[in-house]
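Sending over a structure as structure tokens; questions will come in a sec.
Going by the order they are written in, the chains are A, B, C, D, E and F; count residues from 1 in each one.
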Amino acid sequence: MTFDVKAIPLVANFNQMMAQREGAMVHGIILGIFCLGFGIFLALTELATHNSIADRAMEDRQNSLGQVIPKTIHDNNPVLDTLTLKDDEGEDLLIYRARQNGQVTGVAYEVHGSGYAGRMKFMLGVDAEGKVLGVRALSHKETPGLGDKIETKKGDWILQFVGLSIGNPPLEKWKVKKDGGKFDQFTGATITPRGTINAIRSGLEFFAANRAQLLEVK
Amino acid sequence: MSQAATATISGPFAHNTNTVQRTMFTVVLALSPATLFNLYLFGWPSIFLFAVTIGACLATEAISLLLAGRPLWRTLTDGSAILTGWLLAMTLPPWAPWWIGVLGAVIAIPLSKQAFGGLGQNLFNPAMVARVALLVSFPVVMTAWIAPHPLFSDHSPSVQQSVAITFGGEMPDGVTAATALGYVKTELSRGVPVAESLTEYGRDTTLTYTPDLMDLATGYKPGSLGETSAVLILLGGLYLMRRRIITWHIPVTVLGTLFVMGTIFNLVDSSRFAPGLFHVFSGAAFLGAFFIATDYVTSPVSEKGQIIFGIGVGLLTWVIRTFAGYPEGMAFAVLLMNSVTPIIDQYTRPRLFGRTRKGEPLPIKVSP
Amino acid sequence: MATPSYGRIARDGLWDNNGVIAMLLGMCPTMAMTTSATNGLGMGLATAVVMAASNFMVAASRNYITREVRIPVYILIVAANVTFVDLTMNAWMHELYKVLGLFIPLIVSNCLPLARLESFASKEPVMPALMDGIFMGLGFTLALTLIGAIREITGAGTLFADASLLLGPAFKFMEMRIMPADMGVLMMILPPGGFLVTGFVVVGKRLIDIRTGKGIQMSGAHSV
Amino acid sequence: MQEYILLMVGAALVNNVILARFLGLCSFMGVTTRIDTAIGMGLATTFVITVSSMGNWAVEQYLLEPYHLGYLRTVTFILVIAGAVQFTEMTVRKVSPPLFQMLGIYLPLITTNCAVLGVALLLVEGKMTFIAATVFAFASSLGYSLVMVIFAGLRERLALSEVPQLFAGPPIGFIVASLLALAFLGFSGISTT
Amino acid sequence: MKLFPIRGGIHPDYHKELSGECAIETLPLPTRLYLPVQQHIGAPAEILVSEGETVKKGQLIARRQGQISAPHHAPTSGTVIAVTEVPAPHPSGLSQLTVVLEPDGHDEWVTTLPEPIADPFAVPAEVLAERVADCGIVGMGGATFPSAVKLQLGIRHRIDTLLINGAECEPYLTCDDRLMREHADEIIDGARIMAYALGAGRIVIGIEENKPQAIAAITVAATAFPQLEIAALPVKYPMGSERHLTLAITGLETPARKLTADLGVVVHNVATARAVYQAVRFGRPLITRVVTVSGEGIRTPKNIEAPIGTQVNDLIAFCGGFAQRPERIIQGGPMMGTPLPNLDVPVVKGTSGILALTAAEINDRPSDPCIRCGSCVNICACGLTPVELAARIRHDDLEGATKLGLLDCVSCGSCSWVCPSHIPLVHYFNYAKGALAAQDREQRKLERTKTLVEANTARQERLAAQRAAARKPKAAPGGEVSA
Amino acid sequence: MLTAVGSLTAMGIALGGLLGVAARLLAVEEDPLEQELQAMLPGSQCGQCGFVGCAQAAVALAKGEAPVTLCPPGGKAVAEQLAKRLGVSVDLSEHAAQVPMYAVIDEALCIGCTRCVKECSVDGIIGTSKMMHTVLAETCHGCGKCAEACPTEAITMVEIPRTLATWHWPKPNAKHIH
């Protein structure tokens, strides 16, 4: 049995229009049909992948939070346990909370400092006592080979902050050695570490200032 | 006396005595006082680096010429490769390791000059391309300025030590020092006002050497291998002007613009902006104005064009020094203005005799 | 134009008419995605998939597309394919996606796929069009990997760093350190290095073509 | 005001579309043999980038965001750009025939110029306000035009010099572009925030 | 007097001391004289004599052809021994039709010389112009443009100033200097006659400051005439160029593609003025000229009044021959002169100097690449960019070079002189100007061919139609074909 | 899902319509040759040929203002195709400079047959039947047709000699400059 598409009236009509190539609408219809087709195609793809992608995104966020909040100290999903506060500049700051048995055992939030080539973003994890649980660079534009040693991939420098808090070392030692502080700068690059230290310090100060709200059990 | 039936060369049959070679070696001569002073000031390591850089420039030029199948001797002795090497060396940190000089030569000669077809064809100043490429690639090595260690003085490194410094890459501890520009810049980045850091610069005890005002003027201060002595560079520059190798247009506009920008902004906000004189007398401003921005090949040919070029170099130097990440802006400013030189050339051609600026014949004016 | 043989298509795509080093198309990803060999490889492969699919679709529907809406339809097809690749990789090849994810939307704005649609797929039958897409894509991959490798070795001292993230743990062996990191010439992984290496790769192709007796194909003969 | 100036300097010089962001390179290598053409291309592209960015901003704001259609971004943006090019062509032709004479021939080229899409995507990424987005788009395209014209000037001079055969054409073009990018690195570190 | 600055210019070594103090000597009659038909700009003259004919001094031997042309006269009495192709004093070494005259030694004037004009200021201007034309006077400042044509400018233009060009800015040359020192009266009389013919009320004699004696002599001779002014010009090459002289003295810039006459200014050389004096006051045609023979290659440099047609050989022999091997023999000055292919070429009306220059004087060397020093741009008195022009010409972009003003270049040679890379810039320009002219000729020929072809086809068609018409009634008579 | 498909389709239709309207309103008379040539070009609009795009390149090709080898992306194949369509040869060796010639009739051999006269399309040959013929040098444009027609081979084509009026300085030896 043969089936001739051209037998369908609409297709025949369309073919005729195509043949004449007249009327502005024909182009609109062609493009429209393609859009319709690909729209359906993409919408279906999206439908099919939607949940999967959301899961992956959740995993990703859990994993990255996991780097600044150890899995061992919580039994909840910090990604979903969030709180919004105003930071020093009055911007909304999203805070992830880790809980063990309902008690807040740690929080994580973004802090930022200015580096050699612009803003550097970090995720800072702080435990209930105000000690650093972990810091990771989220994004920065520092020079490869110089400033990028703040990444864990390129060095251990950023790991040294774990366990530190305001007071340990004392506030005036939260500086690079060059400025009379406790922390090493990188050879030939002082600005990046300086910005990083500032970011962590102000993050800890934020914790201190908002401690009650942060640890409040709801 | 008989000549070929056709005389093959059209006139004129008189030429001045100037040649490319003479021009280049005059510039070398003009550079010598400042160079000798700095070689003395920074000792054997700087002498080694200087020799290596020039030698490498000559060697890479020779190799490029051989590969291109061009005549060797004449081009090699025209002095341009020596001058490029010389100027490159003068902008390097004095105790930089030998490979900095060699790599610089590879960038300056084969890449920035010979790939374009050799002398006169390049679009960017070879020495500055090399310097900037090195700075961008090796920021640590390229910003390791050292305190003066005059030859024959007590703390000058011996020849053996110097060999270790230049060829072994063993930088001794406690010799580095900040240049005034670098110092002000880093201090500013931690919020110290310029005026304060300027006075601090002379007193900062964490620096191994801090020049006083007199030192700043004579050039007894940290800096690159050839830039520290504004006075001697000025002397060389004036000699070049006298010999009509360069004209006043570029040096005066570069330094003038730098001074004017510095002064105006310093008056507006002295905590943020360094004074004009500071800009003019620190870093490579003099070297750049007299010897680098004036490079014939990469600057405009007409006097009007040179004025625009000079203002551009001064302005960009100030902008980069003041706002950008690098402490010294002269090299970048020169390269940036090199890139617009063809456009400047196109729009600053002299007016043709008997024509308007647009090229139309002038209207007829009759004598009164 | 007679449809070229598959051999011809392969040779053109991989070398003679290579999208990057002969036609100088798709320059943007070439510069942006070649800071390492792995990035180049990943970008190249993703582009190859999109090119093959787009070429196929355009060749199949070429008779229904009017001249006036030709370009929007082609771009639409490329964009749809890119989005499809983007979504499916995100969902089901997530590890790979994390490496390539950033680059994928950029394929839309690469002029090479579009150029092949215009000049090949819109005129040829489905199968040759598909092959053209595949080989042009592979040629693109080859060029990007080569440029990426040169930049990575000279700039960072490594080769195929993180290849195992892209290709799976089995490819860990590819990750090499050629020289210590502090010997890297930073400029090579910064923008100037991209232009420089691409220029020298074109010179390299010329040298090889001269050796094999093809002579310098003066692409862009008018330019200089 | 100051933030807009910084935004403009950042978009035009520090993160130049061509030299730092690597967008629109094909036209950079292709349409820069003469200063005149580079100027024309620059003007036309500036126009299209600015107009289409406004359109794309609206699409993002009123369609993609509210209905969670982020996955359709590339597709819709491309359609908007194609439309903007066509719209530009029609209006320019109607409003100013001389301008059309000058720019008309460049317009079809621009649809396939990835600087246009690239700038639009950057706007979304930066979550800018309408005015900031417009300023950013305009400054970016200005930076594009600037580099196009500079490069065309350099190539015009290159055409009169004696480049060795092996390097003549694209290779020396790439080398020049490389050195130009190197010079533009001088602007890096200018804080634009 | 107040002078106006001119752009650019150079200060070459002048070497005028070689011959500056040598009074003009008269050359003894040579054994042969060679008189080419073309010694001027315009159409070649038409030869009136044939082999074997005897001629008298001053006799017309070739008459002018057309508007812009000049006649030639026998410089002495003798026999025409040949009318043949002889190498021209031209760098190409090509030949041109030449009358070869063997002097008989009597130096006998022809009897039919035109009558002296006793009071030139009482005759109509046309009569004077006619006399200048008949006497074969052409511009002796180098351009050899027929002077009569310039004298008639007063008819179509309002001329208010006559500039007498005594700048002599070319190095080595001293012929004008000597002429001004020794014949100031004649020059001034000639200038006054020309001014009268032009209707110009003002005469300015421009002399470079490095010729103080000439300035003094002219000043003395000019005191009687209030309409005469003397301008002591700064020493700067190319001050003698017509347009630049006009600018320096009057402050008027001659528009491109226009003549100074459009500004009311006419420029004549001092030697031209003297030739006019002789033609008008004595009816004598232009048959001799003062030639500077100089250069380190010449044993005793001299200023020689020589008959037109004297071979360069004879002049050099008169100066004691060569002192050292010259690198080149130049006709004219070193800046704008042309190299001679050999020494067997004649002195013509425009030959102001014969220079035997040594390699050291020329100081040429193989060229280096252009280092874009900009000297050429800054010294070009015409505001050109020689560096870019030459680059365009080298890349065969003649059109681009023309747009940059190639045709406004006066070939003064300053740019080549100053170039540290010794790039033959002027050679490039000369080549390009020649090539453009050749293209032009070809274009004109092409157009001519096109019209001829059209005419031919039209005629063929007409003939065919006629034949067809003729064939109808009766068979056409074949045979004759018209050319 | 519906919004996605719906809005995309709507945009498509709108844009398509716009393009259609534009195509109609702005229809430009296109030279069929240009269109044909443009179809042969790759259409990548890359501009490497020195024109802004293929359309402009095609226009220039049609006018004969651009060489068929203009298009680097198209490579040899396109060049050959263009050459075939335009009926030109791609072999560059054919472009060798031709020296202008003119015809000279050897008077001793001329039999006055007038065949050459009939051949000459510019009336450059004078003479009547049975009389010896000569060529007007300044009229002859060197086509050589008369030489072919001459039965006695009396006509030879010679280079136009240089005279003082046509001589000009040669181009300086390129070796002077690197």
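We adopt the following convention: contacts are C-beta pairs under 8 Å (C-beta built on N, C-alpha and C of every residue); 3 or more make two chains touch, one makes a residue touch a chain.
Note that the coordinates shown come from a computational prediction; the quantities given were computed from them, not determined experimentally.
Of all the chains, the one whose CA centre sits at the greatest distance from that of chain D is E.
Chain pair with the highest count of contacting C-beta pairs: B-E. Computed from the mean C-alpha positions, the centre of chain A lies at a distance of 45 Å from the centre of chain B. Centroids built from CA atoms put chain F at 38 Å from chain D.
Centre-to-centre, using mean CA coordinates, chain C is 22 Å away from chain D.
Rounded to whole angstrom units, the spacing between the C-alpha centres of chain C and chain F is 38. Each of the following residues of chain A touches two or more other chains: 26-27, 30-31, 34-35, 38-39, 42, 46, 116-117, 143, 146. Across the assembly, chain B contributes residues 10, 117-121, 133, 136, 139, 325, 345 that each touch 2 or more other chains.
Touching two or more other chains at once are residues 4, 8, 11-12, 14-16, 18-20, 22-23, 46, 48, 50, 169-170, 177-178 of chain F.
Residues 116-117, 143, 146, 178-179, 187-191, 194 of chain A are the ones touching chain B in the complex.
Contact residues of chain D toward chain C in the complex are 19-26, 28-30, 33, 71-75, 78-79, 82, 108, 111-114, 116-118, 121, 155, 158-159, 163, 165-175, 177-179, 181-182, 184-185.
Interface residues of chain A, counted against chain D in their complex, comprise 35, 38-39, 42, 46, 114, 116-119.
Across the complex, chain F meets chain D through its residues 3-4, 7-8, 11-12, 14-15, 18-19, 22, 25-26, 45-48, 50, 52-53, 55-56, 177-178. On chain B, the positions that touch chain A within their shared complex are 139-140, 143, 186, 189-190, 206, 325.
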